[in-house]
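Take a look at the structures below.
Here come two complexes built around subunit A, the first alongside subunit B, the second alongside subunit C.
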Partner chain A sequence: MQFDIFKKKRLSSLLMLAILAAFTYGAMIITQYDVIKGFSSIPKSIHWGLSSFYPTAASLDNLPSILIQLGRTVLTSVAATTVAAVFALFFSLFGSKVTKVNNFLSVLSRGTATVFRNIDVAAWALILLFSFGQSALTGYFALFFVSFGFLTRAFIETLDEVGGHSIEALRATGASYPSIIIQAILPSSTPQMMSWILFMVEMNIRSATLVGILTGTGIGFVFDLYYKSLDYNTASLVVITIVIVILILEYLSNYVRRVVL
Partner chain B sequence: MTTLLNVQHVSKQYGHDTLALSDVSFSVNEGEFVSVIGPSGAGKSTLLRCINQMVDTTDGEIHFDNAILQQMNKRELRGLRTNIGMIFQHYNLVERLTVIENVLHGRLGYKSTVAGMLGLYKEEEKERGIELLEMLGLREQIYKRCDQLSGGQKQRVGIARALIQEPKMLLCDEPIASLDPNASKRIMDHLKSISRSMGITALVNLHQVDVALSYSDRIIGVSGGKIVFDGSPKEVTQEIIQSIYGSEANDLMVKLGGQNAI
Partner chain C sequence: MDAKSIQQSSTILRHSKSNRIKIKPFSKSTFVLRITLAIMAILTVLSFATINFQTIDFWAGLVDTVTNFQTMFTTPQLNHFSFWEGFYAVLITMGLAFLTTLFGAALGLLFGLLSAENLSNKRVSNVIKGSVAFIRAVPTVLWVLIFAVAAGLGSVAAVIGMTFHSAGYLIKAYSESFEELDEGVIEALRASGASWWQIVVQAVIPSSLSYLVSWTFMRFEINFSVAVAMGAAAGAGGIGYNMFMASSFYFDLNEIGAITYYILTFAVLLEVIAIRFKTNISGH
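On to the complex of A and B.
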């Protein structure tokens, strides 16, 4: 019996591998992707990058306007994330199996989160373009929806993980539901939740660039503008500022994590 | 002696096929120290949680302090729980909060929702918390975070949290199962002396038969969801251990009659 289990597991791994290989090969045929050509073009693109995609002294003149747009993008991302976090907190309290009020609300809030999370941020931006047009609001809501879905899911997992034991103890003392949440659940889960929020801010700054290209706002728009007008030097400057901001943010969030955890 | 707790023909079914308790009846007098023993999965934890209705019963009635639990609404149940302190194997503290904050959680059942949410504790409550912690030998730890404490210290915080409720009864679900022998002895001594000096009734689930025998006024043996023994520790014989634990009994190596087991 024991051996059968191992044999079965090995067989199913092999099967999975074969299916994956078949899919990859099929996809390559359909899209006419040439592996050799794909890899041999890497040096060429590196060469192009080095020879034209770098900032020059002239492009530095555009720095102030780039920084203003970048600042807007960062603020939009932070605002979208924090507001989404507030909503996510309530939905996750209803969704988590340790803090849920009843099964109906739990399924409902998990379902809502799944829908919002599984629609990509670019898809959200395109959908919202119809309602808000090319404005900062479109980008804001696209980021907000995705963050909301993601954070709800992450918070539910945090609550499931940290909550159980202390909830039981406080329920046994006769404490009311809101008191239990505020006195026991939040103190034990805030550090992890903070950590998720910081992660989401980082993610959102990255997505905001892409969304900005679609909605014509923020740093994404600036990049698109210079790139399409063939001003690769300034476009590269934009990329560099984004990278720097993300690095600073990562440093900050690591610092905050160290302090709160 | 007055009866504090009266369990009448209680059954508990989980889902469709797990009958955790079947037709359980017993009563506990005020101030009694009763241990519940039985093999893993016998239904000890379920039994304890039925008494404060953390788990609702499928059948039967539980009378506590002249009230019938099965007839209580939500608000009355919260009131009932303030009268029953509970102590857990894994202490169930909020690890990131300080010792005193955890102890004061025991008062939340008495507070309005708003006062509870804001954590508004009275000065007397704080003083009582500190007094209890000093009694349990935790004077140095009052303002420490709970994740810095040892297991035995955490359990004492758990006891203080239960005591600040001013309970009529303590339910202890394997209070020493995660502790070393020294800490175990200390916790059991505390529980026993609390029960004696404050007149608090105690119902304690235990894995260690010898501990149960040496500390209890009465032993209740549970097996397969049924009570198979209910009597004083002196009446416990090797045959009775056998009937409670079945084939596990031989591994238990219980020294019957040994009064200083740990």
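On to the complex of A and C.
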């Protein structure tokens, strides 16, 4: 009967809503989240932002030093991504279903990627602080490990999509493994991989801010310094420069993606 | 074949100096690809050239890292809190991620509908898309710290700040999946006299439900790791705070190892649940 179907549908969506509400209530109790304070803090923050979170003429004096640190952060993010991409390429070739050498290596490289990806960049930064201390290398390696894990997974998916038939055809002609990889697999998957690499660069610059706050390097450290010394005018200038860099990068990578893909 | 097309094909089959046929013709896309790769390679070299290696011994650090990993993963140990306290801390992190995803999804749904070009007008859509691009460009940790000034450090600032970024991400993802809907469906419903809400509830959301669910779960996974980071960097509590204390105050590698296992377990669990949920939705 049609009537029953509608009733059942309504009941099941009510049930879903009830479960969701229960989870929300539980989460609010555990995290001690105050709903009223949550709502009231938004206008308060906006008011504060408009009244004190803007760059002044005095804070512009700090602009050169901010830009130097920002440039370093961008360089570190790019370097971490490219080196990670090279490693990820090899691991994904071993890990992908279509290009794997044997099952053991495939499972091994997939497993490595999963571990590296699921340990958060903040966790990596805190772990690496022990061996590299408060230096640019800590941030570099934290970004590198996460990029490596993420890119390996992304590349494996790309290879799985691209491979298949072309490999079968080339294998039938008697082509060797290296020539299959170099002549067929890599050329057809490069645009997609490039798109992932660009995405990773963007993500790394955002994470670099966080890593910088934790490890005391780069643009994150600069922000933290001004923020903690209550110099909100200069801190806002840091935020604005980060936003500009990320927007420019997003524009450039969208352009490359449009042309390449 | 007329003369013109013969001429064209001969320009494509260019010969190199050694008189071999060039198989790959030169095109704009390969040019841009090569330029991008070259720029990235140059920036990488530049980056390594400018890193100050003098204060640190690179190889000693690398060896240290390996031994540290060994200590972490082979002898995990809790010294400053019990197993269940740690479990509760992960639950707090989970709760932060859940609330953020829920609020982000609610905002994402509303503004996603308003910014989808086929359901809204051009001006509203552009205004929302522009502000969303700005919101996403500010890193999450900065949003949290900015809100922390007015709301104080804690879960309120963390949830609101993280919601900002998740909402920005989900608005973009949702509106793109709404825009994929066939224009004809909306037109047909509009012609039959359906209101905007009826179109949205009966056609737009059901047809893009599986996309919505998979984007939301993806954001949930991201939010979990962001919540860990916010605990460490912005005092939001949860397992991230424990990790920050273990690393920066107690210098306790064994505890970091144990916390890493906590995070890994929950992250993998979340991934498995997400995959199960997605196959359930797309199966119906």
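Going forward, the second predicted complex is superposed on the first by the 240 of 261 C-alpha atoms of A that agree within 3 Å, B and C clash if a C-alpha of one lies under 4 Å from a C-alpha of the other, contacts with A are read in each partner's own complex, and residues count from 1 in each chain.
Everything that follows uses one rule, which is that a contact is a pair of C-beta atoms (placed from the backbone, for glycine too) under 8 Å apart; a residue touches a chain by one contact, two chains touch by 3 or more.
Everything quoted here is computed from the prediction, not taken from an experiment.
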{"item": "Combined model on subunit A: subunit C and subunit B, fit or clash", "value": "fit"}
{"item": "Touching partner for A:Tyr25 - first (subunit B), second (subunit C), both, neither", "value": "neither"}
{"item": "Subunit B versus subunit C as contact partner of A:Asn118, first or second or both or neither", "value": "second"}
{"item": "Partner chain in contact with A:Glu250 - subunit B first, subunit C second, else both or neither", "value": "second"}
{"item": "Subunit A residues touched by each partner, larger count belonging to subunit B or subunit C", "value": "C"}
{"item": "Which superposed partner A:Ser188 touches (first subunit B, second subunit C, both, neither)", "value": "first"}
{"item": "First (subunit B), second (subunit C), both or neither touched by A:Phe90", "value": "neither"}
{"item": "Touching partner for A:Ser135 - first (subunit B), second (subunit C), both, neither", "value": "second"}
{"item": "Smallest distance from any CA atom of subunit C to any CA atom of subunit B, in Å, after fitting", "value": "5"}
{"item": "Contacts on subunit A seen with subunit B and repeated with subunit C across the two complexes", "value": "187, 191"}
{"item": "Interfacial residue positions of subunit A with respect to subunit C in the complex", "value": "20, 23-24, 26-28, 30-34, 37-38, 41-42, 44-45, 47-49, 53, 72, 74-76, 78-79, 81-83, 114-115, 118-123, 126-133, 135-137, 140-141, 187, 190-191, 194, 197-198, 201, 206-207, 209-210, 213-214, 220, 223, 227, 232, 239, 242-243, 246-247, 250, 256, 259-260"}
{"item": "Contacting residues of subunit B [partner subunit A, same complex]", "value": "52, 54, 77-82, 84-86, 88, 90-97, 105-111, 113, 116-119, 158, 161, 165, 171"}
{"item": "Of subunit C, residues touching subunit A in the complex", "value": "24, 28-29, 32-33, 36-37, 40-41, 43-44, 46-48, 50-52, 55-56, 58, 61-62, 64-65, 68-69, 72, 88, 91-92, 94-96, 98-99, 102, 133-134, 137-142, 145-147, 149-151, 154-157, 159-160, 225, 228-229, 232-233, 237-238, 240, 243-244, 246-248, 251, 253, 256, 259-260, 263-264, 267-268, 271"}
{"item": "Of subunit A, residues touching subunit B in the complex", "value": "165-166, 168-176, 178-180, 182-184, 187-188, 191"}
